[in-house]
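Below you'll find a set of structures to go through.
Across the two complexes that follow, subunit A remains constant while its partner is subunit B and subsequently subunit C.
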Partner chain A sequence: MSILLEARNLTVRYDAPAQGLGVTKKHVHALNGVSVSLREGATLGVLGESGSGKSTLAFALAGLAPVAGEILFQGKRLTPAVRRHMRGAMQIVFQDPRSSLNPRMRIWEICTEALLLSGIRSDKKRIGRAEALLAEVGLPVECVNRYPHELSGGQRQRLAIARAIASQPKLLILDEPTSALDVSIQAQVINLLLDLQQRTGMAYIFISHDVGVVRHMSDDIAVMRYGEIIETGARDKIFDAPQHPYTRELLSVLS
Partner chain B sequence: MSRSNNLPWSDQIVDLVAGDGCIYALISPGEDKAAPYIAALKPGAPTQRVETGKADIGNTIHGYGLPSLTAAGRKVLFASSGDGGVWRAGAGSAPALIAGGDGAFAFGDLACAGDRVFGVTERRHGAGRTSNAIASICSQSGSVEILFDLADFVSRPVIDPGCNRFAFLGWDLPYMPWERTSLFVGEISAGAASIRRVAAPAAALAQPLWGPDGALYVLCDAEGYFDIWRLDRDSLCFVVSAGADIGLSLAGQRGRSYVIERPGCALAVVWDKGVSGLASLNFESGRAAPVATSVPPDDLICAGGDGVFYAALPVSGAPEVRHLGADCPVLWKGQSSSDGKAAFPALMSIETSNADAVSANYYPADPAGALGIAVINLHGGPKSLAKQQLSPPLEALWRDGCDIVDLNYRGSAGFGRDFRGRINGAWGVIDVEDCIAAIDGLIEKGLARAGRIVLRGSSAGAFTLLHVLAKDSRLAGGVAYAAVTDLRALGRGTHKYESGYLKTLIGADNLTAPLFEQRSPISNVRNIRTPVLFLHGGNDAVSPVNGVMHMAGLLKDNGTRCETCILDGEGHNFSSSEALQTAHKAERQFIRSLMSTD
Partner chain C sequence: MTRASAIDIQDLTVRFADDSGWRTAVRSLSLQVREGEVVGLIGESGSGKSVTSSSLLWLLPLGDRCRLTAERLDVLGLNVLDATEREMRNLRGAQAAMVFQEPMTALDPLRSIRRHMHDVLLAHKPQSSRDAYALSKQLLSEMGIEDPDRVLHCYPHQLSGGMRQRVLLAMAFSCNPRLIIADEPLTALDVTTQHQIVKLVRRKTQESGVAILFVSHDLSVVRSLCERVYVMYAGEVVETGPAHHVLTRPHHPYTQGLLASRPELFAPRTRLDTIAGQAPSGADAAEGCQFRDRCPHAFEKCSVRPPLQASAGDPERASACWLEGAI
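So, the complex of A and B:
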C-alpha cells in the first residue's frame, strides 16, 4: 500500500494568557514537531490521555488549526489552494455530533452539503443521494426529512458519518467518535466504520483514549504525550512489545 | 440472509506447552474437522509438524476427555484416545508407544520430569462404572504402578523440576472440580505411602504448578476468585489475587492460565467479568498490573527458555500463538475462512433479579445489511462462558445481518465463585430470569423489537431456552441444539463425572423429587406457543434423541410449530463438518421462515 498522508514536523502553538502585570507572554505547544504517516486503506490509531494533543493533531491535519510543518496528501503538499481543490477527500467526524450538526437543517440537507461544492444543486438529486447515504450508515430512510434533534445519540453520530462520507473521501479523521455513546451504540458505530472501510477502502485516523477500541480498529498506532508522539509503530509492536515506559504505563492504566 | 451459505471455520489451539528449545501447540484444524495435530514452534524458525503416526491425540478421561500435551525435554507426550496408550513424539523423530495401548487402562492428563511419567488412568468396570487413579509410568519399560485411587476423581499431576516430589488434585462426588477439590502431595522415592492431603480451605483448587523457586503453587477460589496460593509447610497460604478469576479452571484439567515468570512474580490470564487479559502479579506487593496485548489471550500461557508465550483469541478469525514482548510477536497463526472483518463486541450489563447484574457480549450487525433480527445465544454451560469470540455459527448469523447477543447468565465461569454458584439449586429459574431480563434490556434500549428476537442455545443453553419460550411471548422462535428436555432421563443416563452435578443444579438429592419433573422443559410443553427447531445428534448419549422426539411430538399435538433435524451418527457435540453445515443450513432456513411470516 502506498502512503496516503504524511505529516512532517507539525507544530501548533497557542498563546498562553498573560499572568499579572509585566509578565512576558508565553506560548503553549499543543503540538511539538509531530510526524505521522498513513497508508492507503489503513487505520492509524492515536492514543493518549486527555490534553496530550490528539484532537489538536486531528484539527491540524484537517486544516482547522494553524499549523507549522508540512502535510503531504497523496504526494501533494497541502496548501489552502490544494485543500479547496481536493473537494472533501479528507473529512473529519467529531466526538459530539450535537455540536457539529446544524440544528436548523434537515437531515437530507446536512448529508448532502458537500454535494453543493460539486455543483449538484437539485433537491431531488440531493434527497436521493441522502437516502442512499442513510441506508449506507444504517439509518432509516424515513428520517430524511427530520431534524438532528429528533435522532438518538448513536443515530446522530451515524448521520455525522454519512455527511463525512458523502464526498467519498480517501481519509476520515475520527476524533473520539464513540466516546459520548453508550457501549452498545458504540459497538454499532465501530462496526459501521469497519464495514465502510472494507467496502470503500477509506483510510482512518482514529483518535481515542479507549485502548480496546483502538486495538480493534488500528493497523498502526501513535502514542501521544504533551503534544509529542513518543512511540509509533505497528499495532502488534506497540501492544506486545512497547518500548517507551510511558506507553507501557498508559496501556496498563487504560487497558 | 443470502451472503454466504458456508459455515465459517477456524483452527483452534487446544493446548500449549514449553519444551526444551521449542513450544508445542496442539491444533484442532477448522476447515475439515480433521484430527488434532502437534506443531513444534520456535522463534525465527519455520513451524514443524510433529509426526504422531497412528495415534489419535485425545483421551476419554472424565467423560469429556480433553486432549492435552506434556513436554518431555525435546519430545512431547500425549494420550491416544484410540488405544488409550501414552505416546512420545518429537519433531523429526518417529512416534513411540511408551505405555498402555492394550486396553487395560485409558490414560490422560500426563506429567513428566526426567524419565518419570505420571498420569491419570481410567478403568471401565462395565455398566458405566469407571474408576480413576494416579499412576506412575516407567518410560523405559512401560510398566504402570497405581499410586493413588482413593478419590472419585483425580487430575493434573505435576512433578517438581528436581524430580523429587509430585502433586495432583482429587475430588469426590457429589462435587464438581470447580466446587470443592483437594490437593495431594507425595515423595517420588517413597511412592504411594508418602501421599498426603494438604490442609486447604473448602474451595475449588486448580492448576497446581511447581515454581522455579521450588515451591508448589495452585489456584484457589476460597477468597471469591481463583487466586494464586502456595504450599507453605503443610498447608496452603494465599499469595496474590488479580481481583478477578485467574483462568477458567472448569474441568479440573483444562487451561494453563499462569506461569511463575520469576521468583515473586507471575503472569496470568485473568477473566474480568468474562473478558480475558494478561496481568503481572507481584507476590510481595500484592499488586496486579494489566499487561496490554494486541489480541486478548485465551486460557493458555507457558514459559520457555525464550520467554513467555500465549494463545491469542481474536473476536473472529484465526487464533495465534504469541511471544510476549518480542519484536515479532506472532509465533504461529492458524488458518480460518475469515476475510479479516471482525465484529466489535460491546460488553453489555443487564440488571436482573435481586439487584444482580449479568453481562452479554453484543455484536451489532453491519448497518448496511442489518436485518433487524436479534439472536440471543445461551452457552452450553451452565458453568461455561461466552467468551468475546464469535463461534462459527454465530459468526455466520452475524455476517447474515443479525445482531448477536451472547449472554453470560448467572452460573457462568469467569465471574468468581459466588456468581458461578448462584445457579446451584436454581437451574431453570435464574438462568431463565436472566434471559428474560436480557430481552427486556434489548427492547428498552431500542436494540431489538418484540417478534424479531430469536433464541438459540445448546445443551444446558437449550434447556434454558425451552423454559424461556414457555414464559415469554416476545420471541419469534427458538433454535435448540442438543436440548436437555427431561431431567430425570438426563440424570439416569449421564456419566460418572457429572453424576452429582444435576442434583446440585436442581437442589434435590433424589431423581424422584418433584422438582426434577417441574423443572423439565417437557413438563411445560403446553405453555410453548413459539416455533422451535430441534437440532440433535442421533447418537447423543447425554441427552438421548428420544426425549427430543417425544417433546417435538407433544408440541405438534399442541399446535405449536416444531421442526426437527436429527443428525445421524452425531453425539452431544456435533463433530463432523457435514453435520455442522447441515445444522447451520437448517438454522438459517428456520430463521428466514420466521421472518417471512411477519
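So, the complex of A and C:
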C-alpha cells in the first residue's frame, strides 16, 4: 500500500517562562525531531502520557502548531498554501466534545460548516448532507436542529466525528477521542471508528494514553516520551517484545 | 470485629428541578463505609455518584430546585441532616476531606500552590509559615512530585493536569483526615502516575487508617484499590460486594456488560461487545428496573423494580436483579 503521510524531523518549540530578570529565555521542546509515516487506510497508534508530546504531534500534523520539519501528504510537501487547497483531506477530532463544539451553532451547522469552503452554501443542501452524516455516525436524524448541549457525551463525540468526515478526508487525526467517555460508550465509539474505516478506507492517527484502546485500534504503534518517539513498530511486535524499558513499564499496567 | 462507620447512608433520595419537572438523581440509596475502609463507588456519568458524594458534606445546592431526603446521613458519627454550619465547618477539611475531579476549577487561578496549601494547613492548625512550607514540601514529594520547591511557587495554570491533581490529593491528606471523599481523583492522571498514586494511597490508608470513598468509572483502578464496591446505574445501587469478586464475576447484567466491553478482551481491530442504547436521563423515572431497556435478559417481571437482595451463595454480595444468582 502506498504511503499517505510522511513526516520527517518535526520539531515544535515553546518558550519557557523566564525564571527571573536578566535570565536568557529557555525553550521547551514539545516535539523533538519526530518522524512518522502512515500507509493509506492504516492506523498508527500514538501512545504516551500527558506531556509526552502526542497532542503536539497531532496539532503539528494538522497545521495547528508552529512546526519545523517536513510533512509530505500524498507525496506533496505541506505548505500553508497546499493545506488551503487540500479541501479537508486531513481532519481532526479532539478529546473533549464539550469544548470542541460551538454551543451556539445548531447541529446541522456544526457538521457542515466545512462544506461552506467547498462552495455548498444553501441551507437546504447542508441540512440534507447533515442528515446523511448523522445517520452515518449513528445519531438520530431528528437531532439536526438541536444544539450540542442537548446531546450526551457519547453523542457529542459522534457529532465531532460526523463533522470531521463531512469533507471525506483521507486521514483522520483522533486526539484521545474516547478518553472523556464512559466505558460502555467508549466501546460504541470504538466500534463506530472501526466501521467507518472499513467503509471509507480512511487512515487514522489514533492518539491515546490508554494502552488497551491503542492496542485495539492500531496496525502500527509509536510510543512517545518527552517529545520524542522512543519506540515504534508493528502492533504485535511492540506488545510481544517491547524493547524500551519505558514501553515495558507502560504495558505492564495492562496485565 | 465490626468497625465504626465513617459514612452511613440510609435511603437517600436527591431530586433536581428543571423547566420540565423533577428529575431523580439518586433514588433510595444506602451505602456504608467503615473506618479505615476503602470503598469504591462506580458508575457512568449521570448515574448519581457525584451527587451522592456531594451530599455528604453539604455541597449540594439545596433549595427550591434541589431536594434531599434520607432516613440517615451520617459522616464520622455526625448527623449531617441536622448538623449546624459550625459543625460542618469542623468536619470539612480537617476530618473529612474532599478531592474533586476537575483540578482546574478546584484551584484558584490567582493563588500560587504555596498559598493554597498554606490556607488549608493554617486554617486547621496554627503554625509558622516556615513549618507550613516544610510540610507542604513533604506532602508534595509524597505525591511523587520531584521538585516541590518549583511547584509551590507555580500558579495552577503553569502545571499539567496530572500535577494539579497531585496537589489536590496532597491538600486532602494534609490535615490527616479520617475520611477522604475522592470524586474521580485519578481520571486526569497518566497510567504510570495512577499506579504510583494508587500504591501511595494504599500505604497511607494502612498507616493512618483513613477511610476513603473512591468515586470512579475506572474499573481496574477500583479493583486494585478498594475493598468493597458499589455499582450505580441511573441513580440506584445495582450491585455491591467485595471489589475483587464483583469486578471479576459480576452478578448484575449492567456490571457484566461494563466488564465485557473492555477492549483488552477482544482481538485487535474487531468489534467490541457493547451495552446497547444509553442510560435514562432520570426525567421519566420509569417504573421497574431502570436497566431493563438495555438488558439482554429482560423479561416480564422486570416491569417491577427489583430490590437489592443478598446473593444466596455469598451474603457479602447483593444485586438488584430478579435473576440474581441465575445469570
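Operating definition for what follows: the second predicted complex is superposed on the first by the 253 of 255 C-alpha atoms of A that agree within 3 Å, B and C clash if a C-alpha of one lies under 4 Å from a C-alpha of the other, contacts with A are read in each partner's own complex, and residues count from 1 in each chain.
The definition used in the following text is that a contact is a pair of C-beta atoms (placed from the backbone, for glycine too) under 8 Å apart; a residue touches a chain by one contact, two chains touch by 3 or more.
Remember, it's a predicted structure, so these values are computed and weren't measured experimentally.
When the two complexes are overlaid on their common chain A, residue A:241 makes contact with subunit B while staying clear of subunit C. In the superposition on chain A, no contact is made by A:102 with either subunit B or subunit C. In the superposed pair of complexes, A:122 makes contact with neither subunit B nor subunit C.
When the shared chain is aligned, no partner comes close enough to touch A:168: not subunit B, not subunit C. Within the superposed three-chain model, A:152 lies in touch with subunit B and with subunit C [touch as defined at top].
Contacts of A:79 after superposition on the shared chain: neither subunit B nor subunit C is touched. Look at A:51: by the touch rule set out above, it reaches subunit C but stays clear of subunit B.
In the superposition on chain A, A:209 contacts subunit C only, with no contact to subunit B.
Judged by the document's definition of touching, subunit A residues 152, 182-184, 186-188, 190-191, 194-195, 211, 213, 215-216, 235 lie at the interface with subunit B and also at the interface with subunit C. Interface residues of subunit B, counted against subunit A in their complex, comprise 277, 289-294, 315, 322-327, 329-330, 339-348, 362-368, 370, 445-447.
Contact residues on subunit A toward subunit B in their complex (touch as defined above): 135-139, 152, 158, 182-184, 186-188, 190-192, 194-195, 198-199, 211, 213, 215-216, 235-242, 248, 251-252, 255. Taken in their complex, subunit A has these residues touching subunit C: 17, 43, 49-51, 152-155, 182-188, 190-191, 194-195, 209-213, 215-219, 235, 249-250, 253-254. On the side of subunit C, the complex with subunit A involves touching residues 44-46, 158, 160-162, 189-195, 217, 219, 257-258, 261-264, 266, 268-275, 278.
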